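What follows is a group of structures, each given as structure tokens.
Shared chain: subunit A. Partners: subunit B in the first complex, subunit C in the second.
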Partner chain A sequence: MAGPPLIDIRKLCIGFRGRAGTMLPVLHEIDLTVCRGQSLGLVGESGSGKSTLALAAMGYLKHGLQKLSGEVIHDGADIFARSASELEKIRGGRLGLIPQNSGQALTPTLRIGQQIHEALHLHCALPEGEHEARAIDLLAQVRLPDPQAILRRYPHELSGGQQQRVAIAMALAGEPDALLLDEPTTGLDVTTQAHILELLRDLAAARNMATVYVSHDLGVIARVCDRVQVLYGGETMLTGPTAEVLRDPAHPYARGLLASIPRLSDRTLPRALEGRPPPPGQRRRGCAFAARCGLATETCHAERPPMIAGAGAQNTRCFYPDRVAGMDAGGGGAVPGHGASDGPAALRLADVAVRYDRPGLLARLRRVPRNPATVEGISLHLRRGETLGMVGESGSGKSTILKTIAGLMSPAEGRIALGDGSLLNATVEQRRPDQLRRIQMVFQNPDDSLNPRQTVAEILSQPLRLYFGLRGKALQGRSVELLETVRLGAHYLDRRPGQLSGGEKQRVAVARAFAAGPEIVLCDEITSALDVSVQAAVLELLNDLKGLHGTAFIFVSHDLTIVRALSDRVAVLYQGRLCEIGPTAAVYGAPSHPYTEVLLNAVLEPDPEHTPRLLTEDAADLSPPARGCPFQRRCPVKCGRICEVDAPPWQETGDGHAIRCHIPLADLPRRIAG
Partner chain B sequence: MLALIFRRLALGLITVWLVSAIIFLGVEALPGDACTAILERDAHGEALEKCRAAMGLNTPALPRYIAWATGILQGDFGLTASGQEHISELVGYRVRNSLLLAAGALSVGIPLSILLGTMAGLWRDRWIDILFSTGAILAMTIPEFVSATVLILIFAIWLGWVPAIVLTPADARPLEFFPEFILASTVLTLLMIAHIMRMVRSSVIDVMASDYVQMATLKGVPYWRIVFRHALPNALLPAINVIALTVAWLMGGVVVVEVVFNYPGLGRLLVDAISGRDLPVVQAITMIVAATYVGVNLVADILSLLLNPRLRSHQMRSR
Partner chain C sequence: MSAATPGLSVRAANVLRDVLARPSGAVGLTLVALHLVIALVSPWIVPFDYKAMNAAMTLAGPSDLHWLGTDHLGRDVLSRVLLGGREALVVTGIATPVAMLWGGLLGVFLGLRGGWTDEILMRLVDAFLALPGILPLLVLITVFGSGGAVLMPTLAFFFGIPVIRVARAAAHEVVARDFISAARARGHRPFDIVRREIMPNVTDTLLVEGAMRWSWMLLGFSALSFLGFGVAPPRPDWGLMVSDARVYMSLAPWGVIAPVIALSTLIIGINLTADALAKTLGLDQGRKAVV
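So, the complex of A and B:
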């Protein structure tokens, strides 16, 4: 449809030299083509080789990797055969890269202007004198407000979304024919993600570019790609049109991947893909996926399946594409358990406010008005056995609230009390051991929260000794029990975190929290560092633990689908203020706060028919307004001065569902729809 | 930004003041005083009383401290223990000579160690890296009196290019120090290179593996431009503090090297003063060295603030 391929990768093998001196393959005979105007999605779990493949398309290999065989044809020649100066022309010129984490991919000591000028200097035909105007034009194209000011800023002075836009502008500076995007929106808020993807779609269409998206998120792929290529263990498992792959994937792995994604439309929990992917470089016979495949036969373990035609226009590396259709695709996972909604309280927050800034002596003497508090007016309660979800974009104060409850920060105002009415002292140092025991926290990244030098036994024994004085046999027995609760066996006791996979580490972190026999477990984005397939397993685990011992959870996440799957009640936060709180079904249904609507509409689903609605601009780094409604600056249905002046009232819909908005409840759905 | 620099400056001044108090109290706490040191065996009875009265040692400690401290502020360190010389004059030339020596070692050592460290980092684990790294470690581990002696042996005794023993007076013109100055600063350069070089090397390795260097490569930026524009400014930031410590160490007078070469610097004066129990001189030199340390570290702090945009705005915000 679009002429000859722009990038044509043929039988590419890339590997690294192992300790024994043998070459270990990371990519295995990969074929890939993409033409002008097309967009291709590369999907797979971490370690599948998808980023390596995208970088190889630019002739770049990370330290230690080598090309073993095959070629990457760009512009009629193998890119690996080109000279350094030819590569410098192509990279950033005809092939542009948009990196995963622009915050780290922009040089911290150079201003944005200097970095864009460099790209123009290297790749732009315009005379130097016109570069300034071109840079401003590029920043305007990626819809950054006030481009002149942005040019003078340093990377760290921009928000994540702004950094990503700058990286896009920089890639456009060379007028590329093709853009390679390495997880371009991972780590961004839902709203920002939706905005960036729309922008990229528009730019690709306007310039007739070829785009290659690398992502683990099928929602992103569904939104932006015509074709999908699924990678597993460094091999292509499935290629096909996006709509077909998402509706009826012809490979068991793609099915499993699809089933592990939580969806807003699905009331059941996603289903985990058992097992773990092979480590990069592992030698194997037979099909890479055989070990985790429900359909695997002896042939699968013995022979490598060829790429054959599957359902529709798909090509699949599977012996039994017709049997795949019989497997169920998504849905039908565990039914989320629900805790008691009228039990006794486990925790109460009354009017809690938190401030990060401390006014200096001078500011206090001069009576400089203080900035509005980072978190303010948080009043909520948590019942025993209940799971409260907290959602909001970055900067919404959800982690701050968790840290305050855990005693890692002290509230500036307000009180936090346990269920029996006893007030919690401000900080960890001031709390009694008994109070500490009752509140436990699980952190986002288990790599940072588990001591890499300790074995799992040592990690679990600390709370057991400290709070229960367990020794010897009793200690050992209880540790094994805890591991079994999180579905790990006793043989994990001697391992260290480095020997565990991401999902296993997070299970150990959960087991450690439960070792203290807590009443309240605080979960801070505990699945966001995990692959989707692993995330589903952790969600299942938490769902099972909910019923246990009447423990209450506060579950913080920026992912609305996960919060929906797990929570009994949900609190929506914007810039440290509560917007809406209530039972999950009520918050996710109508009427809801305009901000909740903005978030819900921006969610991407792995469904080619689903289109996100962008109700408002994505967030800018602003402190909350001094008065009025916290959401006034971005609200799509702002009614006027009243929103800027008066704090909106809480409006109850019954059943404990409350919305903080000036617009009457009956009018809200109509206003937002219109 | 300015306010931040002033704050650092104020903290530095407070540190120097605390150091002066500690030095003064330390000397007070020692058994004996300047008079017992001068009079030695005659330090009793009337002679001692007379001496103390003459030197004002009978007044209480606080007024004496204030007089001493205000004197220093005006550049006057008082008299030596023997009461015959002004410490300021005695120390002045020595400070100049030590600074001269430090400047000589630094002007060669800093650029050289940055260059070697960068090269070792860029060609990590290749022969050039192994050569430079082991060479630097070797140079650092050989004690300065050994390397100094070897240099004297080669250049003074075998080749006869410089005199073996020099008796240049402290107040000589700078050019007259030339022969031993070259050898002494070479020894110091050898000593300091390893620290800075290793710091620069590991920092260059980190930065070259960073996302932004990969991004610059994939933007089509030529290799050397990446090194100079994207990598080095970031790689040198952590090296600034190591460099500052080295500078302070050199300016504080390097006793052994000065003694071996008979170089009239601050370090040798300190040794002489200690062995002669000349407490006022010891106090003065300690003050000068302390102030140098504080000053150099202050400059390093301000430099890191100026060169690191992240640190700059972070500090501003948290203020």
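So, the complex of A and C:
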């Protein structure tokens, strides 16, 4: 049924020349085949070589990399032996690539139409005159509304999901028979991600294309791939049918990866995969994974395991595939702790609104009506020792609210007060040092929030000196204590962020926040820049810190599974307005706001049986509407004019759970199901 | 802080090694070092007194006695060339760090602060940069007179102005990052943020910029001397020597060529070093490491 392979990679080794002049391998003896109509998922942590492999399949190597041995057969010939002009034809033509961050892959100064024309001009046999019609056809195929209007827009006028669709349309322009996708949905919202994946599935089936997905997210792979190839340290560790790999992986690494993924269906925290992957190009004897493997024996450290048949149709690079199943099952991590649910308040927000636009003098004189505020009407409280989760898509104002609480942005309206009733001034400069100390923030990306030129000791000393005036021995002692709280040792003090792994960096950032002895810690998407395996470790750490010193957390994330795992209460935001708030179990159960329902249904799980339900379009006008319900444009169960005119009322279900919708609570589950 | 000091010197040693490993760095640093050594020891090695005139031997060509000939007053050109960089090196050697310091600090502060202060001061900077560089210099010197005591602060002031712009641009890249937001949210004073968070991240850029400024300042100093506003005769200076000897260029070309070679080798040396330094520090984005 599959026919001959379209891309056939045989024993491919790729490396770079190290400082000492020796060749260091990045990919080691990789075999890979894809046939027409098949889809293959390449999975691995960052640094595993998965993107390098995908690019090598197109005959492309990043600067400094060399092919050492092996071949990449495409269309009966080695792609590395082809001439530059042949390659130019193939790339973007018969072999399409969809890069990770399509927003950056599109040229910002050219209209979408021009960019698609260029792709057509290079790779399409049609006469010039029919290009316009073809471009519109392509945009329609990727399900963009109003393709004609899109042709005239610039990339920045499109949402992330729309940009990704344009990138897909451009890849389709050359009528490819194989499509390579490098993290096609990373960085997109859950709903957008689900929509794009459905689109890609349908396109691949309709065109009988071969597709290769590169992703760290097994949920994505589960949804779109027939087969999975797991990479670790530049080697293939496991290949097999997706369903088998997800249900019963025959390699300890795949098992560890699966266990580290948080799931909606599981109330326990995911389990972290200890240790870190080897750096690219590291030389070693034995199994690449031996250092982190629970099953590793002397043999594993001494000899490289061969590829052998494992359970079902899987092939695994492990000496003991039969023992893998006996490792204690995935999931079953720590049970999330719970903070006080009725303690005194630590923070109160009353009717907070934030605006980004500042009307000019002229606009003010002419009384031009102002745009609706970016964030509006946020009233909520945070109890001592409690964790409040905040979820919503990008543009929902989650980060804006955190920055406003931290004093980095000033609210246009409303009041923010601490637990003792003292009002917080708008900006950091106007706040008292003691107030500043009590609120600390952990940022999304530790690469950005830790000064690369400071050592860990200097980083931790900043808050300790500022707030407590610690010096010398006392400073050092307290720094070590803090490092131990985040499960790092004193030997980390002299290191700089560049010498730490992603997870270690984020732990240092958490330690820095706790150095102030805060009452409230604001966490802004703190795991989204990390690998899943590392993310689990940070989640475990936060869970441990929850009980400590009665600190309250606001935990912002676009990932509903993580929020569920950590939060006592959850607030759901759409376009800067609260839709629903309440205890975690209530928000994730029925009845819920139509938007919450849309989000929950779009979540992907690493489970072959799980299918996301797409209740509504993923894109809508980006600015919040001036009147009525903020969700009116995308709501799958909109009642009618009332939603466009009147702001929906808060409806209480008791126990502090409230939903902001016109539909009576009793009707909500029925309406959404129907 | 004590933990950082060995790290810093180790880094400096590494940078120096990498700079020397590049051909441009090796040649450049050798040239600069040679000039510095000559400037240091020249009073003891010159064959003649720089102001000893010899009416019997004016505008002589190279000979066993005067390797580079003599000038129109019969003074030994070699001795004067060897000594001619001393004053330039001392004046610019002090004025450059001063220019970098005040321009760098102000630029970084403006980059962090933004708003009206930034807007107004940067327009002033633009206005200054629009003037031909030597004009305001000449005005100040005519008012206050020449000599090291005036030249040093004047050069430090005027050559610091373009540094503001470079430092501000470098700071802008850093200010947008979250560790600055984190520092602001903790409530550090702006001066502490500049000193602890921003400065360590812009020193690389400022170091390379400083090397370039130094070479331009040397040129500026020599130009002033050439115009008669710098070093007062009879003390030797390359700019002054070129100015004096150019009248007799057809008769005694060595009088012009020798100081020009001395000045240009120093400037080329500094430029090559700056170039190698930029590449080593990774400021030259075109040649990034692979992994």
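The definition used in the following text is that the second predicted complex is superposed on the first by the 671 of 674 C-alpha atoms of A that agree within 3 Å, B and C clash if a C-alpha of one lies under 4 Å from a C-alpha of the other, contacts with A are read in each partner's own complex, and residues count from 1 in each chain.
Throughout what follows, a residue touches a chain if its C-beta (ideal position, glycine included) is under 8 Å from a C-beta of that chain, and two chains touch if they have at least 3 such contacts.
Everything quoted here is computed from the prediction, not taken from an experiment.
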| item | value |
| --- | --- |
| Partner chain(s) touched by A:S46 [first = subunit B, second = subunit C, both, neither] | neither |
| First (subunit B), second (subunit C), both or neither touched by A:V428 | second |
| Touched partner set for A:P463, first subunit B, second subunit C, both or neither | second |
| First, second, both or neither for A:L110, with subunit B first and subunit C second | first |
| Contacts of A:H63 with subunit B and subunit C, given as first, second, both or neither | both |
| Touching partner for A:Q444 - first (subunit B), second (subunit C), both, neither | second |
| Touched partner set for A:S528, first subunit B, second subunit C, both or neither | neither |
| Subunit A residues contacted in one complex by subunit B, in the other by subunit C | 62-63 |
| Residue numbers on subunit A that touch subunit C, as the complex places them | 16, 26, 62-65, 279-281, 403, 406-408, 428, 431, 433, 436-437, 439-441, 443-445, 448-455, 457-458, 462-463, 466-467, 493-494, 496, 512, 516 |
| For the subunit B and subunit A complex, residues of the former touching the latter | 209-212, 214-223, 229-230, 233-234, 307-310, 313, 319 |
| Residues of subunit C touching subunit A in the complex | 1, 3-4, 7, 177-179, 181-188, 196-197, 200-201, 288-291 |
| Subunit A residues within the subunit B interface of the complex | 55, 58, 60, 62-63, 84-85, 87-93, 97, 99, 101, 104-110, 118-119, 122-123, 154, 156-157, 167, 170, 174, 360 |
